[in-house]
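Look for chain A in each of the two complexes below; its partner is chain B in the first and chain C in the second.
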Partner chain A sequence: MIPKVAVVVFPGTNSETETVRICRDVGLDAQALHWTHASRIPEFDAYVLPGGFAYEDRIRAGAVPAHDPLMDYVIDAAERGKLILGICNGAQILLEAGLVPGTGAVRRPTAAFTYNGPVPHFVCRHVYLKLAVDPQRSPITAALPADALFPAWAAHGQGRLAASDEHLREIEQGAHLAFVYAHADGRVDDAAVPNASALRCAGLVNRQGNVLAIMPHPERDAWNYNHPDRRESEDMLAPSGGVRIFAAFAKALFST
Partner chain B sequence: MTMRCVAIRLKIPDNQAYTALTTLQRLNLEVARVDRAEIWVLNDAGEAADFLARVERNETLFNPNKHVLHVLEERVPREGEVWIEEMDQDDGDDLRRLGRPVAGVIGGKRYIGWRLFDDGGAAPRTTVMQAVEQLLCNPAIERAIIR
Partner chain C sequence: MLSRPPSSRTLRSFRVNGLDDVELAQAAARAGLALRVDELRRIAAQLGRDPTIVEVHAFDAQWSEHCSYKSSRHHLRKLPTEGPTVMQGPAEDAGILHLGEWNGERYGVVIAHESHNHPSQVVPYEGAATGVGGIVRDVLCMGAEVIALADPLRFGRVEDSQSHARYVAQGAVDGISAYGNAIGVPNIAGDVYFDERFDDNCLVNVVALGILKENEIIHSAAPPGAAGWDIVLVGKATDRSGFGGAAFSSVTLDEADEEANKGAVQVPDPFLKNVIMRATYAVFRFLRENNVTAGFKDLGAGGIMGCTAELCSSGGYGAIVDLDDVNTAVDDLPPEVIAVGETQERLCWILPGEVTAAVLSIYNQEFSLPAIAHRACATVIGAVQNEKRYVLRFGSEIVMDVPIDLLTGTIRDELPVRPMSERKVTDPARRYVVASESVPTLLPKVFSHRDVCSREPLYVRYDGVVRGTTVIPRGHSGAGVIAPVPGCPLGVALGVAGNPRFGKVDPFLAAQYAVLCAVQKVAAVGARPLGLTDCLNFGNPQNIGHYSEFVHAIDGLSIAARALGTPYVSGNVSLYNESSAGNAIPASPIVACAGALDDVAAVVTGGFKRPGSALFLVGAPQNAAGGAVFAELLDQTGGPLPPIDFEAVNAELAFLRAAADARLILAARAIGEGGVLAATCMMAFGSMEQFAIGAQLTDPQDWTGGVVGELEAYFGEWGGFVVETAQPDVLQRIAGKGVRLTQIGRTLAERSLRLHDAWFDLRDLAVAWRSPLAQVYP
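Let's turn to the complex of A and B:
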């Protein structure tokens, strides 16, 4: 049985096409599911919240979609252990919904991906993400090797993790810091961080490990033609490094 | 130096306020109308008489085709209103960060003012508090100021 994945589309979402495509490329039965079809949510085995500007980022990025009736179903699915992956704006929605880091109540966020620092600016930059937890911490990362490194594109104005000192400590001590920014050789330092994100955070996971929020876009470095270091001799349509996180996501779904 | 306070509102339909209204109603809050304004508390070294005109000349802050601007007598939220303040990464001078000075103004702090109304007028404080907790403020990055 091929797992069914809903790529959730709110008004203003803009990355659903490439997200559906990469999910299908790794063998999943993925389809875009619009917010007006929330009642179909239970049909799916897992959910991906893709990037964009859901509800035009009104009030705050992720705040309004976090209260959309469709998210009632997603929150319920998360509580029942289904796998949920949020990318960029999808990650912001998961934080506003309180699903990640999940250290507070539902829809009572304890952290945010907010305006980039040190001064607010939009960043469009090729980056690398490094796995910062034991791969077994989350079913979604379980198929990745320790210290896995993969490429992605950071494309956001609000991707800086911010939280109180107390909540940042909870994130560190609870092993919620799933991914950090890194250089191509795997080194981790502040120069690799495009947005002054606290803890050099590029991704967060919830306590149970079934909800993962990633700020940069691995689906935009999923084929060679997306990758800045591609060689002309390479097959432009062959998978690139960003595909690995989706392959791991698929492996987790096939094994459940 | 005098602290002066202005509210800049859209005079065209405010889709963001409308979205806030429909979301708050979905959360079962008794709200019939939401007004949104940019609130600027400015540290002014100029004359009071031409203060409004000086602010209006800053095209980044004020667009006469879509904004209305008025001076607030008090530098605190009105009844039914909350001011949302972003917790800054730097010195808190939002006007400097805007990159376009206002003549005579040394610096300024920006808030987003949300004013809630029910059928009887300004919404009670309890409703405003609920709106803050459930939607209007993420305490990880924002602070809410209520009268």
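Let's turn to the complex of A and C:
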């Protein structure tokens, strides 16, 4: 059985096409599921919440869609242990829904991806993500090597992790800090962070490990031609590093 | 279908007959009309009566320069519009160029170019955002998926943080960013210049690209057999915004009218547009699956009236529209506002009745438009009719009933033009620039010049990679490249050009350079230039000097495009870029070129790849330095613009393509502002973080035989390319006769620029290059 993945589309989502495409490229039966078909959510084995500006970022990115009735189904699926991956706006929604880091109650967020720092404007910049937890911490990352490094594109206006000191400590102590920003050579420092994110955070995972929120877009560095640091010898049409997180996601789904 | 009730003409008329010219001009001004007295008399004479209030506003929009091109159309005919790459010429909202074939399908690139200058000067955020929104609809309504944006921008002096020009420069970029990012279309190309002559009139031009298969084209006309078909309005509820927008764009800006002007600017809603675009893609699929031919057009200037009249008249039909059936945001809108107001985010379908319900359902149920924005929906507002009249009903009355061809037909203003002054042949050996500064002192100044320095602080605000198709994002070459069809090797390149400093010196040659530079940017990435779209931004056509600049620029655009074999498939004219004080912009013909890569894997990027490889100059340095940045920095005019040898350019473009196809080129960049040294250093900056490659250049005396001055050779803006290759012998062998190919140096395994008599740390130059715009865009 090929796992069925819903790429969940809210009004204002803008990255569903490339997200469906990369899920299919790694062998999943993926389709875009629009907000007017929310009741079909239980049919699927896993969910990807793609990038965009769901409900035009009203109040704060992710805040309104987190309260959309559609999210009742997603929250239910998360509690049943289904795998859920949120990218960019999808990550913001997962935080606002309280699913990630999941240290509070549902829809009572303990952290948010909010306005970039130091200057609060949209940033489109090529970045690298480094796995900052044991790969086995989440089924979605289980197939990755330790310290795995991925290329991705940051493209967001609200990607800075913000939380109280107490909640940031919870994130660190509970091993919720799944990804940090890094340089191409794997070094991690503030210069690698495009948005002044706390803990240099690029991604968070929930307690059970089945819900992963990633702020930059690995699906936009899926092919060598997407990758600005490419070398002359590379096959431009070959998969680039960004695809590896989706391959790991697919492997987890095929093995359940 | 609606029927026409017997009309007792009890409506408020706009009195024309019986008024003398002075009274009529006063009445027109009081009503906020841009129509001239002679035009009002012509309307009344053709109708045989005074027009109604609605009619006079309809003609005000349709006969505005913005809609009618009355003082430009006959000159625009000079532009070449045909060629083997043309799939759809400039008759509709957007043109289409043949990209290539794949899996038995012919793919087309849809391209359109628009200005939103006046609105952006008054309310920059909304003005620029609606510019993006409008051009996206122009591409969408051809049946295409929208795949890329570019934004040529011209702003005033931004050094003073309190200046209006700075406010405009920041607001316009934020508006473009907010709109383009939200709808999910990557911004892959653009340019920006700063000049005091844009203080009172910024230019915000926007280019959009779409992709479709040839058999998916939808025309902006009621198809044959459409009599009785439904006219379906889609989108935002009509409100008061944008009333008088077309006419507003066709007069000069006057500060005293600032408040009134603000009312003419439309209000963008990218969130709603995002949903409308996706719903429209679903409608395209539905119509294709059911083999339905339909007409489709976006609502722009002239609102519902302008769009429905043009859709129906270009199919040879008339139309009847019931304004009561229009979804309005408020309940008390007067009929002329509903009819010609330019509320954004609206489109119009001409559909056979049997599919209407299904299409309405896609918009209203499947994509739930009414739940997305207040009173947004798709709804039937009228019908196509055989009788060639344009009829509007409101309440129980007919508020407009005119021959449709009078409304949409061509009108023409003959305005006086000065002949072009005779040009002298430029003596190639003559020096125009006195070398009053040395290269080491001049180089950092050139790099930090506002027209040379890095644009990254600006374009970092644009999503350049949404859709996951971007091959060359902004900043990595002169042109952007995308691979728009998943799994397909076809690539699309897009470059824009139009140097206003050249426009000040010589509009005729500046126009040629706009074409040349746009084509060269596309050629530098290894793409085959397919065709062009132009946006002609000029001052008031009633001023003979400004109008002559416009006419001479068209001559230049025509000559260059014919010489390079690149036809125009769409375009836009923006006149009246002048404040009431008479401050006009420099002649600003802006050109975008779309190119094709048959195999995107052969793309050439702008960053150095390998230390120890050879650097070549393609093209010939010249002494003429008019409009060049370095001449301006030396406080000199620089003389005339360098003449262009199109025969040599064509040979060089063919050579570059062959070299790119043979994978001989590691990196290439078109030479623009800042000349060879800027191009070379940008190639080094492009890969500096990763590869740390610099360059060593030989004495420029050796490149030019001593005929051209050192500063002119290093910094001159005479076109051409810098090319990196690891196979210099092969490259030289395939360069045929007529290709001006000169080895000028090699790449180094260090972060330096070494000249024959000077050395620079590239990191210092990079700081000079990267910091200036960060002041404006922190």
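Assume the second predicted complex is superposed on the first by the 252 of 256 C-alpha atoms of A that agree within 3 Å, B and C clash if a C-alpha of one lies under 4 Å from a C-alpha of the other, contacts with A are read in each partner's own complex, and residues count from 1 in each chain.
Basically, a contact is a pair of C-beta atoms (placed from the backbone, for glycine too) under 8 Å apart; a residue touches a chain by one contact, two chains touch by 3 or more.
Fair warning: this is a prediction, and the values are worked out from it, not measured in the lab.
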Touching A:137 in the superposition: chain B (first), chain C (second), both, neither? neither
State whether A:40 touches chain B only (first), chain C only (second), both chains, or neither. neither
Could you look at A:184 and tell me whether it touches chain B, chain C, both or neither (first, second, both, neither)? second
When the two structures are overlaid on chain A, which partner does A:251 contact: first (chain B), second (chain C), both, or neither? neither
Taking the superposition as given, does A:4 touch the first partner, chain B, the second, chain C, both, or neither? neither
Under the stated touch criterion, name the partner, chain B or chain C, that contacts more residues in chain A. C
Of the two partner chains, chain B (first) and chain C (second), which one does A:67 touch, if any: first, second, both, or neither? first
Regarding the shared-chain residue A:119, is it in contact with chain B (first), chain C (second), both, or neither? both
A:163 contacts which: chain B (first), chain C (second), both, neither? first
Where chain B and chain C land on the same part of chain A: residues 55-56, 119
Touching residues of chain C toward chain A in the complex: what are they? 174, 177-178, 181-184, 270-271, 274-275, 365-368, 371-372, 459-471, 473, 476, 483, 486, 489, 600-601, 603, 605, 609-610, 666, 687, 689-690, 777-778
Provide the residue numbers of chain A that touch chain B in the complex, in ascending order. 55-56, 58-60, 63-64, 67, 69, 96, 107-112, 114-115, 117-120, 162-164, 167, 196
Parts of chain A lying in touch with chain C, wherever the complex brings them together: 11-15, 17-18, 21-22, 34-36, 51-53, 55-56, 119, 121-125, 153, 155, 157, 184, 217, 219-220, 222-223, 225-226, 228-232, 235-237
Would you tell me which residues of chain B are touching chain A in their complex? 15-16, 19-20, 23, 26-27, 86-87, 89-90, 97, 133-136, 138-142
